[in-house]
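One structure coming up, written as structure tokens, with questions to follow.
Going by the order they are written in, the chains are A, B, C, D and E; count residues from 1 in each one.
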Amino acid sequence: MKMKEYELFIGPQHPGITGNMMYHLWVDGDTVVKAECNVGYLHRGFEKLMESRTWMQNIPLVCRICVPDPDVNEMAYSMAVERLMGWREEVPERARYIRTVVLELSRIAAYLMGIGSYAGALGIYTLPQWALGDRDYIMDIFEQLTGARIYHIYIWPGGVRWDMPADLPKLIEKTMKYLEKRLKLYDDVFFKNRIFFDRAVDIGVIPKEKAIEWGVTGPNLRASGHEYDVRRLEPYAAYENIDFDVIHYPELGKFDVLSSGGDAYTRMLVRRLEIEQSISIIRQALKKMPSGEHLLKHPNWFKWEVPPGIAYERVESSKGEYGYMVVSDGGKKPVRVHVRGPSYTHGINVAETILKGANIADVSQILFSLDICPPDIER
Amino acid sequence: MKAKEIIGRGEEVHGRLYVKVEKQEVRELIKTLKENKFQHFVMLSCIDWIDDGEFELVYHLWSYEYREHVMISTRIKREGEEMESLHDLFPQIETYEREIKEMYGVNFIGNERLTPFFLEGWPHMPPMRKDFDSKKFIKDVFESIPPVEDEDEGI
Amino acid sequence: MVTVVSGLINVLIIAIYATVAMMIGILFMGIGRKIVARVHNRVGPPIYQGFIDIAKLILKKTNITHGWIYDLALLFSITGIVLTILFLPIGGVKLLSTEGDAFLVLYLLAIPALGFALGAGASGNPNSAIGVMRALVMMLSYELPFVISMVALMIYYDTTSIAEIVASQYGKWAILIPPFAISAAVADMALQGMLMEAPFDIPIAPHEIASGPMAEFGGKHLGSLMIYKAGTIVAYTTLFVDLFLGGGVVMKGGIVADVVNFIVWFILIFLVFTLSLLINTSFPRFRIEQAFKFYWKYEAVLAIIALVWVYWMVIS
Amino acid sequence: MVEMVFAVLIIAFIFTLFIKNNRVASIISLVVSLFPLAAFLDWGREFGINLISIGFENTMNINMAGITLHFSISPLAWFFGIMLFSLIPPILLYSYSFFSKNDGFYPFMILLMVSVMGILLSSDFLSFFLFWELMALGIFIMICRNGDRKAMVRYLSYSVLSGVLILAGIALLYHMNGTLLFAEIMLKADFETMVAITMLIIGFAIKAALMPLHTWVPPVYSTSDEPFVAFLSGGLSKIGYYGMLLLLFAMPGARVMEAYINSSIATYLLAIIGSLTAFFATFLAIFEDDLRKLLAYSSIAQLGYIAVGIGTGSSIAMAGALFQAFNHAFFKATLFLAAGSVAYRTGKWKISELGGVAYKMPLTFMAALFAIFALAAIPITSGFAAKWLLYEAAIERRYVFIAPIMLIAGVGAFLYSFRILYGVFLGENRYPDIKEAPKPMVAGMFLLVMPLIIFLIFPGYMLDMMDSFLSSAGLATISHSPYVIHTTLGNYNTIAVIVGMMFAMIPAFLIYVLRKQHLVDFEDNFIGGEIPSLYEHISMHAAHNFYKPLKDVVMPYLEGGATSIYSSLYKVVEKIADGARKIYDGVVQDYAIYVMLFLLIIAGWLLW
Amino acid sequence: MKYEEWSKISRIASKKSLWILHFCTGCGAIEMPPVMTSRFDMERFGMAPMATPRQADVLLITGYLTVKTLKRVIQVYEQMQDPKYVVAFGSCPINGGMYWDSYNTINQLDKYLPVDLYLAGCMPRPEGIINAMMELMEMIEKGEARGWEKYRKNYEKYKKNQEMAFKFGKVEE
């Protein structure tokens, strides 16, 4: 019988967890001695399901892999299929811009949710209320654009499902303006709050040297001090024509650089600042958006066969690098679709490492600051 | 392609370097690439080629400096063949190997954490294998369970 | 015979006052949720929500218990808080406060806390244990500045009885005397900790320890804890008002004065409570050791300055 | 008749030395221990408290080789006698089951009784000192029984220091007054008297474990047998305070001390040391993992309050101090005995290794729970009345520094009390196979709790017992009825609190009775929605490093504590000694030079 | 347990103060935050999220249930205190929804737990959730939401079904 440590379970039913997963903690006093991640509570066997569905039937399925940020799935899957079909260069220009807008809107929504839940983990319930309320305006845009709030099924291989309505840019611009106004309020309440500094600085540090080796990607990697963004490194959609900053430590804009990077504080600030970048990207994309076709002509969906081959495509999601490996043997169904969710590494190996030695008061904020999305771990 | 210069083989498939190797060479290759700025281990996939009777293990690596993606592919027999664990090279390989062990039944020698991962108390064949028929499984397992009827009131 | 009747009338008055005070506490929980909801841009629950919640919890069909020590939480929490309210002057009405003094009240407030802690301990839930640990450390933290402020008052008014402190403040509230303005500010932050509002809601932090000591409580046990919570709102705000704001006494003599004083008292505790809620909505939560440092470093120093000032005033 | 009591005790001492059977020895000593108790109860008539009437005489003079030892009863001695001797029978009853054989515990308990009786009854310094040293010896033998070297060395060095200081103080007083009789000594407010008093107080403070003279307590308490430690902590530690009170208040010639008390900074210093002792020892107790050491630090802290009372010196403070001494005797003895029974059944001392004992030992738990309530001064327990008096006294004297420190130490008591409750008795049920402690042990503990319950309702009776001492010390008595205490600052009415509590309990009781409840298993706990049965064993007892966040903040400041002061002092002495050793370098010429130098200095001094 | 024992006042209190267990079992949980927060604000109906099952009244099954989660859901459901209600979100608990042929999700929730109210859609909109909650409140007031009684009455049958699901059909061997 172990006498010194006791065990705590953060999850699966616990407010301090980012979804339905579990961390098994061994705690001495209030310091975590050992952490073990336990997942599988959401395992639906997506990859198995995709092998038994046709190429088009998979589109409604993939978006369900990451619930807070579903569009990246459709995007990455479509890109991989386009790559196999040889459509990579043929996707209409307008579709690329619409995709950019959709992805960035979805990113903002996911960031608002991430920031809100993180603030909730720190115990300020005003910000989650505001942020999630504001997120709903983005949901409204999606509803007008795609007809659905969460699962849009909008980005298809070869373009987007419907053209963007003519009056939507006006609504988007209005929402963006509103969001910019609200962001100032968020800063006052939370991001410039002294207690946020006290709580988050130097908590859950991912060191810069280790970050890449550990497989950290996305905002978490940028918070550790690497200026890497898939949108910049391997541009997809219309990102090559759009000018934006890759927010990374130590360039934190108007916020003080208090820590040495890679901690919960920096991770949250990177997310906060990227919302502004996303707003700017959306504005540019709307301005530069050409008219024209929005979708390539599809073959008959039921007879659609994709040429054999293997393709890997990555996109930058709000949580990190999202990748799809699609393997085809020339049939009507994929042989194998493997999803690389960013939370797979963040949630399991990285979290288990950085939770060691953390205070139990900080466990929840570390998990929320990594922005772990359990469904993309277990698919 | 820079990666091709470093390891001196492979072919370009859909914009990615695709290298087919024997399973003994994988470790050396990944080590070389890691030392040459291919430091981001993306993922480890397994593909079940049931007609060939083989599993294909694909190690994906990416270099932020060269902006290149490398897939190192090796094939092992579906039954009875094992693979060396590479979790000492990149810590997250441990988790991918855990998943593949559970989903395909491939054993990785040297990985001590091949414990049940997604599934709990799974008594059947690893489900991601192509010969696992999930429709039959559903019929046998979940659909055979009777609904609970309330005799008295029928709520 | 006359003494018996007057005694019974006194008991009745005290009982009515205590009941009304508890009702006000439950009402305040609803009002508090409403205020917080307004800050959140929401409508919020109806203000009588507290009554419904408590009724529902007490009327639950099954109530689980972890043994008799666990049940002590239920008994101690309500008993302790009602007892505390009995020993506090409410709107100048002394109730039992002449029979005990501020030290008694300080220690009476520990009864429900200790019962609560026993219950949480008996449930054997590690989350509860951590929550109780945090609650006790919080107690140690906020008591220091609060006690120093209280000692300053006692030295100044040369009494330990709250009733007499209230009586001496008639016409001139303590908060209007410069050193006590500092003390009151310190005590208000201590109040924040006592009411477990952010940034000091550490013991019940749901994201960290799943509501801490309350993790195992449900049904009637949780209902009694909510009554206790309602009582603490009244008890602590009344303590603050009695110590620094003259207990809300603005008139003397007669039934009219009692009614007016009661209304003033109600307004004052409402204001104190609202202030604490507004602080609550605009701050994240401290870690427990940060809270400890906050109280023992900054708050305690301020309190000591006020105490030294008062001592000097008394001596000279 | 005092002789008879002494004679019985000494005969019993010799008799029990040769009895091997534990039970026989226990019964003999139990019976014998009732004699002094009966004597003290009887002497209560002298001070207006009629409890029993036997007719014991209360003076005795012994002539030995031309020296006369004087014995008589004083109000202070009577109070302490009642306290100490009512402590002993329950402890001996407890020992009936605790020990398996008589290996010296009982005879030396009886020896300690003799010495305590001697100390309390002595009315001259010679007999006082003789019995004082007898007590020190008795304690030492008791410590030696378990043979922990650290405890023995610590105790012995402190005891010798204490004896030397007391002897020196007595010698100084004798030098000034030419007599050793308490009644004839005149204390004057001059320098020599102050030196003598200071020496005596330091000597007494060592027994009373005032900081920084407390370092012998934790090792001794944590290595000796529980029944003895219960008596040591509950009873013998108060003897130091008896000495202080005797010196400062009870000595017939001590009128001059009033001026001393009221003017001198020295007693204020005593109060401050007392409050700081309470404060720091409380913090040390909070972080202690060994149950016995925790209780040891708790003892030190609770004894600190008594020093505050003595240092404050007003009548309220004195009443508070005596009340606190009485309470502490009983609740701490109960706690040590409860700790003993827990260890008797589980064999574990570390709080982090215990847990869930209450489920199998409910009676032990109840006794301990009540003792802990008294320790934490939960209102209506007598512990609250005592602390309340002390707080009132501090406010009355405007001790702005001491009052908050005492209050915070009081809050700190909640922290370590909860550690005992949760860590040892509640939480995870780790010992499902143990049984309740044997009946004599339980009976002993409950007998110890009884006085606490009596003074819970009637704290006035306690004040009655002090009245004659207070008036003999020239202090105003406190106005009180059996259940109300009035001070100049406020009142404490136990009946109001109890009646109020009854009323307040009505709604709680209604909820408790009217709504049915059902018991669930310990395993059926919310652990984040996980299922315990899927895991081999889930350890859910958070007792190790319980106050870690607080410890991380506070420990850096506490680490420069008394022990480290002593160890640095030791290092300094060692260095000096080491340097001194170098003088003896074995060279004859050097020695010659030293001798020359010495002679030169002597010559110079003489010629000056 | 008879229906009459469940008095009117407790039904009304129960209806007006539904405390929801904070358990996101599936993707439907994504629509819970909007329901809780400023746009839809469920607190105005007296609903509040709760941290532990002991405190909660309503168990929301927000989407598909994997077998692994089902075990926890049942554990949590049994820890809740009567009266307790189960509301199942989306298509998945009704018939499996999108994941009807998945090897790890149970297709029909009411074989394992008594469901008081189904809420169809993938996923249900916040308005739908609030509507469902109002419906549940009405059911409670009328005394129709009595799944907990059904669970007690047919405890053996439910246990057997659960056991079969947990063992993935290997229960007889």
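Assorted remarks:
We adopt the following convention: a residue touches a chain if its C-beta (ideal position, glycine included) is under 8 Å from a C-beta of that chain, and two chains touch if they have at least 3 such contacts.
Since we're looking at a predicted model, the values are computed, not measured.
Any chain bridging chain A and chain C, meaning touching each of them, is among D, E; the list is complete. With contact taken as defined at the outset, chain A and chain E are each touched by B, C, D. With steps allowed only between chains in touch, the distance from chain A over to chain B comes to 1. Relative to chain E, the most remote chain by averaged C-alpha coordinates is D. Taking the mean of all protein C-alpha atoms as the reference point, the chain centroid lying nearest to it belongs to C. Centroid distances from chain A, each centroid being the mean of CA atoms, peak for D. For the pairs C-E and D-E, the larger set of C-beta contacts lies at C-E. A straight line joining the Cα centres of chain D and chain E is 59 Å long. Centroid to centroid, with C-alpha atoms defining each point, chain C and chain D lie 35 Å apart. Between chain A and chain D, the centres computed from C-alpha atoms are 64 Å apart.
Chain contacts: chain E has residues 23, 37-38, 51-54, 68, 71-72, 76, 101-104 touching two or more partner chains.
Within chain D, residues 524, 526-530, 534, 540-543, 546-547, 549 each touch two or more of the remaining chains. Shared interface positions of chain B, i.e. residues touching 2 or more other chains, are given as 118-120, 127, 132, 134-135. Taken pair by pair, the chains that touch are A-B, A-C, A-D, A-E, B-E, C-D, C-E, D-E. Contact residues on chain A toward chain D in their complex (touch as defined above): 1-14, 17, 22, 24, 27-31, 359.
By the touch criterion given at the top, residues 33, 37, 40-46, 49, 52-53, 55-56, 59-64, 206, 210-211, 214-219, 222 of chain C touch chain E in their complex. Residues 356, 358-359, 376-379, 384, 387-388, 391-392, 395, 398, 400, 403-404, 407-408, 410-412, 414-415, 417-418, 421-422, 426-429, 484, 489-493, 496-497, 500-501, 503-505, 507-509, 511-512, 515-520, 522, 524-528, 540-543, 546-547, 549-550, 552-553 of chain D touch chain C in their complex. Per the touch definition, chain E reaches chain D in the complex via residues 23, 52-54, 71-72, 75-76, 79. Residues of chain C touching chain D in their complex: 11, 15, 18, 58-60, 62-67, 69, 71, 74-75, 77-83, 86-87, 96, 98-104, 106-108, 110-111, 113-114, 117-118, 121-127, 129-130, 132-134, 136-137, 139-140, 143-144, 147-148, 151-152, 154-155, 158-161, 164, 210, 215-216, 219-220, 223-224, 227, 287-289, 292-293, 307-308, 311, 314.
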